[in-house]
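Next come two complexes built around chain A: one with chain B, the other with chain C.
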Partner chain A sequence: MTTEIDRQWTTRLRKTVVEKLPPEKLLPDTQPAYVASWIYVFGVTTLAALGIVIATGCVLAMKGPLWWHLSSTGHFVNSLHLWSVEIFFFAMVIHLWGKYFMAAWRGGRQLTWVTGVVLFLTSIGAGFTGYVSQTNYDSQWISTQAKDGINATGGGAFFNVLNLGQMLMWHIVLLPLAAVALTAVHVIYVRIKGVVPPFEEEK
Partner chain B sequence: MTKKVFNPDVDAPVFKGKYAPYDIIKEGTIAVVVVALLTVVLAVLFSSPDEKAVTIKSWSNATPMDFVATAITELDGTSGTATYGPPYNNAATGQQIGPFTLAKWMGLNAKVNTASDFVVAPLSTLADQPALKTALTAFTSASSTQKASWEANYSKALTTGRFSSGTLQVPATNAGPVPVMMSALTAMARSGALDQALVTAKGFYTTDYTKPLLFMADGSFLASKAQAQHLSGDQWGMMNETGSYPGQAWLWLYTMWYQVPPFSTSWGANADALVWALMMILTLLLALMPWIPGLRSIPRKVKVYRLIWREHYKNV
Partner chain C sequence: MGLTEFFGAVFNLDHVGKYIHWGFIQLSVSNAILIALMIVTFISALLLPFPGKRNRKEGK
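After this line comes the complex of A and B, so read on.
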């Protein structure tokens, strides 16, 4: 017989979380022996680069959007931000191709794949809004070129790439929030389902 | 009850082999340290590009005749922005895919009337210029036909005009108040006042640069700098950035379509809409890969996985 405590939302949520993701799955101390290839490095590299992107972005945010034009320290932090973004995308694309060739959606891992693809798209949006928020010639040229593509889809009716304030807000608030949330969901799916096993080959 | 058939492209075998020690926290820490060091090395070695933004002041001082030639098209409604359509105005339908006129359906967002916003309104902010005030009154109270006649005559005269000793010199013609307006606008642009007038039209605080960017994009100064920096649309466009930097290399597939027929030729008028539609389809295929028979079988058939799991297959 269930008690009132068993029926509480909090109790039910805790039980579900512990059942789906027990501590030994969240922080495992062993892994299957087949997880032994350099390709596995690129998932954690993407995560690490995301951390550096956010950290350097936070430093830039503290001093405001024009700081990096006026100070050599600011310019160096901008360079760190740029190169961590390049590493992030490089690692993410290799991770994506690696997972494709492993058919990593097998065994009930479809949502891990889908969240990864959506995360890739979100990151492209975050990168793009960063490029148009640089407040220099690159941002002027990229925004005046990109407006035609977005306007052609009807997206220009609410997403104006020439509006610096709007682009900066998307770049430093909305898209990072989405990227971090999607990353959390993606990693949780990986931990719940584990790393996809190799194909079973016919003898 | 029938047993579910094992599909190798959907189902995964149950792993019954060995497990190895795995320190996830140590792995994560090492990854952060290595990526941080690599980032610092790349930043020290290559820095980052930062070419100063173009202003209407720098444009009109560098190429004043290009500025005036652009300004008259803003006034007579023939510029790129004046004839753009949504989301800036209703002068055109915008791009379409067959009967789907998405831009028109979604409507206007950043409304721009180039004659009023780029020329008349900024000039109206200039104080203590009686001749300009008279010219603006004459222009705004004239009929559309009269305005069109003045603008056409001025455009024609401008082809033999020149800018010398800080003055715009255009042969006399029946252009009514337009020569006074264009000279005043050029002087305003060269002083930097037009940059300010365009961004502060809605008030003191602003973060919206739509109007000056559209105005500058209608001229050829911004584009000629882009051409020199390998940034134009036919040079893989906006995925590049100034200098020898990787830019947004991850946009290569999107940018590639603009370089190849029919997007670069017969479909050019609606290329943006068509490229976006194609990319949406390709993105959906990627996202829904696990459910698409045929596509989801490719990894099993091409056998790249044998390279990835070569240690595993050695021991099987």
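After this line comes the complex of A and C, so read on.
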């Protein structure tokens, strides 16, 4: 007989979460033997780079444009932000190639693949809005070139790349929130379904 | 010569960017180098042995 407590949404949610993702699956002590290959390190490299991107981005947000344009420490943190983004995309693309050739959507892992694809597109948006938020000649050039492309798609009506305030908000609020949320979902799916095995292991 | 001058001389970026033109494809040299590095890293990741793999063979 189900009690009132069993019917509570908090009880049902907790039971579902614990059933789908028990603690030993959420943070496993070991991984399957086939994971001992360099090709499996690029996902976590991307994750580490994302951590540095966010940390340096927070410092840049605290100090502001004059600091990152004019002071040596500002230049340094700005460079850390840029280069961690370079490593982020570098590792993410190799991760994507690896997973593509492994057909990593096998074994009910479709949502892991799909969240990864959407995350990739979100990251491109975050990178782009970052380039147009630099507040220098480079960002002016990129935004005046990009506006024609965006306007040609009809997107310029609600996404105006010449509007610095709007681009900065997309860059430091909306897209990072989306990227972090998608990363969390992506990693949780990896934990639920496990790392995709090589073709020969699956047989 | 300080480190800044040394790296500034090796990686002098104070000029107009160089581009590769291949039919309708136009690609900056820096992007082409980056793509080549990604391909090299990808192939190396597939071929290079992973440290400690032998000890893990039995493990799950």
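Criterion: the second predicted complex is superposed on the first by the 199 of 203 C-alpha atoms of A that agree within 3 Å, B and C clash if a C-alpha of one lies under 4 Å from a C-alpha of the other, contacts with A are read in each partner's own complex, and residues count from 1 in each chain.
Note that a contact is a pair of C-beta atoms (placed from the backbone, for glycine too) under 8 Å apart; a residue touches a chain by one contact, two chains touch by 3 or more.
Everything quoted here is computed from the prediction, not taken from an experiment.
Between chain B and chain C, the partner in contact with more residues of chain A is B. When both complexes are overlaid on chain A, the residue A:T30 reaches chain B and chain C alike.
With both structures placed on the common chain, the touch criterion links A:I39 to chain B and to chain C. In the superposition on chain A, A:S133 contacts neither chain B nor chain C.
Using the contact criterion defined above for the overlaid structures, shared-chain residue A:L162 touches chain B, although it does not reach chain C.
By the touch criterion defined above, A:I94 reaches chain C but does not reach chain B. In the superposition on chain A, contact is made by A:I142 with chain B only, not with chain C. In the superposition on chain A, A:T122 makes contact with neither chain B nor chain C. By the touch criterion defined above, A:T183 lies against neither chain B nor chain C after alignment on the C-alpha atoms of chain A. In the superposition on chain A, contact is made by A:S79 with chain B only, not with chain C. In the three-chain superposition model, chain A touches both chain B and chain C at residues 30, 32-33, 36-37, 39, 41, 86, 93, 98.
For chain A in complex with chain C, the residues that touch the partner chain are 30, 32-33, 36-39, 41-42, 86, 90, 93-94, 97-98. Residues 27-37, 39, 41, 44-45, 47-49, 51-52, 56, 68-69, 75-76, 78-84, 86-87, 89, 93, 98, 100-103, 105-110, 113-114, 117-118, 121, 124, 127-128, 131, 134-146, 148-149, 151-158, 160, 162-166, 168, 196-201 of chain A are the ones touching chain B in the complex.
Only residues 34, 37-38, 41-42, 44-46, 48, 50, 52-53, 56-60 of chain C touch chain A when the two sit together in their complex.
Of all residues in chain B, only 8-15, 17-25, 27-28, 31-32, 34-36, 38-40, 42-44, 46-54, 84, 86-87, 94-95, 102-103, 105-110, 206-210, 213-214, 216-217, 222, 225-226, 231, 233, 237-238, 241-242, 245-246, 248-251, 270, 272-273, 275-276, 283, 286-291, 296, 299-300, 302, 304-305, 308-313, 315-316 touch chain A in the complex they form.
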